[in-house]
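After this come two complexes, each holding subunit A, first together with subunit B and then together with subunit C.
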Partner chain A sequence: MSTITDTTKGAVPKKFKSKKLLIYNPNRVAHTLDQLGLGYFSPIARLVGGDEPKKQLREIVSNTFLPLLAFAVFIGIWGICSQFVVSDSTRIPSPAQTWTAWQGMVDFAEAEKIKEIEYYEANEERALKMEAKAKVAEEAGQTDRVERYNGMAEKFRSKVYQGATTFFDQIGISLITVAVGFLVATLLGVPIGILCGVSKRVNIALNPIIQLFKPVSPLAWFPIVFVFTTWGIEQPESTSIWQRALWTSAGVVTLCSIWPTLINTAVGVASVDKDHLNVAKVLKLGWFKRIWKIVLPSSLPLIFTGLRLSIGVGWMVLVASDMMAQNQGLGKFVWDMYQNGDTQSTAQIIIAVFFIGAIGFLLDRIMLVCQRLVTFEEQNI
Partner chain B sequence: MKKNNKKIVALIAYILTAFLGNLNADILDVEKDTLKFGFIKLTDCAPIVIAKEKGYFDDEGLSVEVEAQGNWKELLNRVINGDLDGAHMLAGQPIGATVGFGTKADVLTAYSLDYNGNGITVSNDIWKQMKPNVKKDAAGKVIHPITADSLKPISDKAKSNNAKLKMGMVFPVSTHNYEIRYWLAASGISPGFYYDPGTKQRDIAGFLNSDVELSVTPPPQMPQTLEAGTICAYCVGEPWNQQAVFKKIGVPVTTNYDIWKNNPEKVFGVSAAWAKENPNTWIAVTKALIRAGHWLDASWENRDEAAKILSQPNYVGAPYKVIKNSMTGTFEFEPGVDVRKMEDFNVFFRYNASYPYYSDAVWFLTQMVRWGQLTEQKEDSWYDQMAKKIYRPDIYMRAVEELVDDGAFEDSVFLPAYKANRAGGYKAPSSDFIDGKTYDGKKPNDYVKSFKIGLK
Partner chain C sequence: MSAYFETFNLGKTYKTPKGDAVIVKNFNLKMKKGEFVCVIGHSGCGKSTVLSMVAGLNEMTEGGVILDGNEISGAAPDRGVVFQSPCLLPWMSAWDNVMLGVNQVYYHATRAERNQIVEYYLTAVGLSGSFNKKPDELSGGMRQRVGLARAFALSPKMLLLDEPFGMLDKLTKFELQGVLLELWNREKLTAMMITHDVDESIYLADRVIMMTNGPAAGIGDILEINLPRPRDRQEIMSQEQYYDYREFLLNFLQERADEGKEERSAA
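The block that comes next holds the complex of A and B.
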């Protein structure tokens, strides 16, 4: 029960010397795996420890093959759909076509890399040519021209490649966008949530606004956020990733994902054990200290529940907000492919759907681990 | 000895320079060398894409990113707010923005991207009803141009059933809007007005007193919207007409070449603020675009190569064989039945297509007045002033001079441009219209008054 807290509390070297911890405890390892959201591996850990091998094996087999079976059925249904869901202008691509499309995407990304190399080579050639011109000018004694040509050569060498954004670049930009939006939502949502939880008056005041804005769709927020970012953010060089479109998209993510954090924080803070607060009173702790030492720690589990919900919402609205803001993320990829209007591009959208799902799942798992970690600690208090 | 060495170096340098040939353009001192341009997935963005892919921007010392935009409104907003340095624009967009119909902001152009290139496509069902009304030759082949006369009975019937035909165009100030309106009105079908001087009523959707309902759909969505049945006809640029043929969901009935021969279509637009800050960059960009336009019209092989480049997913992204049709001068009307050679279907440089004529700007203004987008009647001099504010052939000619100075082109390539410039930037009066009306850019009011359907 105490592995994680012990290691996080920094007493590791000393503990390592104790023989007790070196003994493999399958139950403890399995439990830790469960806590980390890696429940799939816990029967394996138990099996290694020799704990009811038959039961563990049965579990491993069913944990592995049942999902595989379901996935195979899904692929089968998809394959059948691709034969029948066909209109004049478009169709569902088959799993095989989708696989080809995926290879096409990889090839495109590789071709882009080659293009980038060629770009620098071509600019080097241009620079050399300018230097050659400088030499001609030098020979003719035109000193001002020499400087100009050399300057141009320098410029060509300092050029940065601006190629097509590949699918993999777009994944990266999407993650950055969500991270920015989520961070802002957290930095705003947690403090406001604490205020709402601590003071009934603030809660009464803010509640209508929260309830009013909570259900608004990202598509409706976009034009409003667009005005703010256009007004407040200077457009950087086009080589920078911090484009205004990214801020717009992140702003939409913030507005849609702030609510679960805010509400859960408020609930968590409001439901802090009265005894704890009484202790704080007895100790005559100041307001900030009371929040920091008593309220925040005991409401952490709910705050993290809120954060986990928030990141889920944020990732979900990202595709829509990227589409609207023309931010170079996955949403723009889906939109562009939709506009290409080819069966091949529908297949690429399916690939994007898998990636969006997988990344969303990963983000959720990461938040789940964080959530479990704090819940864990609370039980030890 | 030392002197000899120098001579050899100079000789080598000279040979090297000569060897690199066409690339010996000098570079302007550009104010901004890292740029981002926007485009909509249409084949007429080709000059921008080609200038990038062929390294013409790079030759000018510019590093350019080109990015597809979701729709025309978004693209215009992003040019105005500075997200984009410039963009592939509908010729009517700089004009509409500057006179304040829709978003108000000063947007300028010094380069016309192309002539023609649009088509009107109707759904299979409408075509079935239209076909018996269309004139045919002895062999039973449809005679072009197909006018909207053959659509009139269908539209009349639909209107009397209280279910006006719904049609798509791409933007209120787009060439497509004016073209489909021109085509309909030439056959006595009222496409609707934005303003009714009798009641002083305004309608931003342009449905007042209409026989049909025209609404906005982004170009790439046209085929899907037609197939979904939301609209039964549309006017759009390529490849979205040929896409309908290829997917067998509709039949193109006419092209804008038949509505008005060599009509201006897209321009390269920049915001006035940007142009003021980056005058040399603007000239450098125009130089690269001229080279690209020239390359596109130099041979059909180049067009074929361009079709391949445009079919990449980050550009137009439609299949190569769909794009190839119109890019290589072939246009398929009724699928499999009526394929025609149309070498001028889309022109990028020939007929002086890249020169920004004032008379073209004036034509758009006349149509804005005709349909009530502009609610006041204006003096002829107002048209001239507006055209001169928005269209900048002076920048185009600066770019031409630079290109000739650089030795990239012979003077003779630009004879039509010099001629146009001497004529004050106005085209000679022409009557190459489907209704046979004569248009003289210097007499816009006479032209506006000549229409049967239209505000006067």
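The block that comes next holds the complex of A and C.
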């Protein structure tokens, strides 16, 4: 029974290990794809590996055609609606009209981009001219002129293009707004959640406030956040993206999206396996080390579940808060188009709806991947 | 000779609405340095309670425990515990699980020295190829090997084992008993192990402590195992003595079981 010497044979030389990784393992690739939320591609990966080709083909076909079929039905119903659903000034645009509107939006954005580039090129040209003049003046020894010309060159260079905001700029602003709101919610929610989870007293103290504010609508938070941002944030130049409206909108996102993170963190921290805490006790880990080495890692899966829910809520709330705060994001876009009130604008709103959905889906998938990366397999023997 | 480890009137009582529930009472045990003691008894008799009180994970309500001249209070790394389920931290590799304790005990040692300690013990339990594996990549037996390495790597004054092999299949159990004995032979740690496996206790222990049934469980009898060390399973099983010990222990357990039945039928 000399197991000690026996098992040392189990040591795998490094060379062999790396070779093993190079062999295409369809199941491993499929598993990784599943983990990344790309389950659609896992039968393809298995097919490449030659694993039950018939079954994989069937799966690929059904994974592709069933959703396409449902989508076709949806387009059909939409088309029928566009024939009948009419208000005073606008009607539901047909899928074709919506497509045209989308192309218009892309063209507009491209034209804007070209205008912007031309603007900067023209200014650069002027600046260069001024610098050339400055050089001539320098050679002539006219120091006051040199300074003036250089100053003018500087001025041309620092000019910022103030064209119309395109749909894609607005998506960018929306993403920045939700990122700011979500970041603040995380930075507040996780530590407060840890405190709630560690200390029963803190939990008892904060629980009523959490339960009271959790269900509040973003529309109700808006006026209150507005007072705070008006008081606390100086309105920057109109060219800056860090407008007061952005902070207001981000504040509303924070207030609405902090709760899932906070609650899930508290639950995760409070439900750390007692065995793991016993390990901490036996090793006499200090408070900070206990939190950092045992409590936090063991509650990470739940914290990330909370974060994922939070970003979903945050994105959902964003459109409403952008509308209220008049932040240059997707909400404002929808609102402005609604004010236009013609069929063309309604088509653009439909495009915005698709984008809002797609981006929300993407954000969720990114968080899902993060969540899966931190989730460890539970020990069960 | 004064004892290295001593429990004095150790007891545990829970307050309940129906009055006090006495789990363990007057548990008095003295151990020499380097002695290996197994505690056996029926499940629920309070043997695990004794161990967790000694470990400092469960507060004692009566009596006290002295280890190496000092009274213990609370848990500390001078008593290495091997739990029934290995209790590894699932987000850490085998290496990091052992290192966590080593960092705590050898905080004054250099990084290289600490690495050496972890490597030594993980190799000693037969995991030299699995340093970087996470617990979910290890089998149940391998996890408990890490559990043993973690406890031994603390160089504790005393080793406390709470049915460490209770959840393993018989073959793995035999292997791990071998690993445990080999490590113990090297370090001669004072060890207390809870088990309900009679063969395991004879194979490992210098003395087997038999606990009476609860409530108010205590020490019923003590059996000295005078088998030569280092022990070989085949060899000791060929000795007549082994079967005498075995019969004695089984009789004790059988009597307690009968007593329990009588009490139940009387009530």
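In this text, the second predicted complex is superposed on the first by the 314 of 381 C-alpha atoms of A that agree within 3 Å, B and C clash if a C-alpha of one lies under 4 Å from a C-alpha of the other, contacts with A are read in each partner's own complex, and residues count from 1 in each chain.
In this section, contacts are C-beta pairs under 8 Å (C-beta built on N, C-alpha and C of every residue); 3 or more make two chains touch, one makes a residue touch a chain.
As the structure is a prediction and not an experimental result, all values here were calculated from the model.
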item: Subunit B versus subunit C as contact partner of A:K293, first or second or both or neither; value: second
item: Partner chain(s) touched by A:R91 [first = subunit B, second = subunit C, both, neither]; value: neither
item: Subunit B versus subunit C as contact partner of A:R372, first or second or both or neither; value: neither
item: Subunit B versus subunit C, judged by how many residues of subunit A each one touches; value: B
item: Which of subunit B and subunit C A:K159 touches, first, second, both or neither; value: first
item: Partner chain in contact with A:K281 - subunit B first, subunit C second, else both or neither; value: second
item: Common interface positions of subunit A, toward subunit B and toward subunit C; value: none
item: Touching residues (chain side subunit A, partner subunit C) in the complex; value: 1-4, 6-8, 10-12, 275-276, 278-279, 281-285, 293-294, 297-298, 300, 376-379, 381
item: Parts of subunit C lying in touch with subunit A, wherever the complex brings them together; value: 55-57, 74-77, 79-81, 83, 85-92, 100-101, 104-105, 123-130, 134-136, 140, 143, 154, 167, 174-179, 182, 232-233
item: Complex contacts: residues of subunit A adjacent to subunit B; value: 87-90, 108, 119, 122-123, 125-126, 128-129, 132-133, 135-136, 139, 152, 155-156, 159-165, 226, 230, 235, 237-239, 243-245, 323-324, 326, 328, 335-342, 344-345, 348
item: Touching residues on subunit B, where the partner in the complex is subunit A; value: 6-7, 9-10, 12-14, 16-17, 20, 23-24, 27, 33-36, 41, 55, 58-59, 61, 63-65, 67-70, 74, 77-78, 81-83, 85, 218, 220-221, 223-224, 227, 243, 247-249, 312-314, 316-319
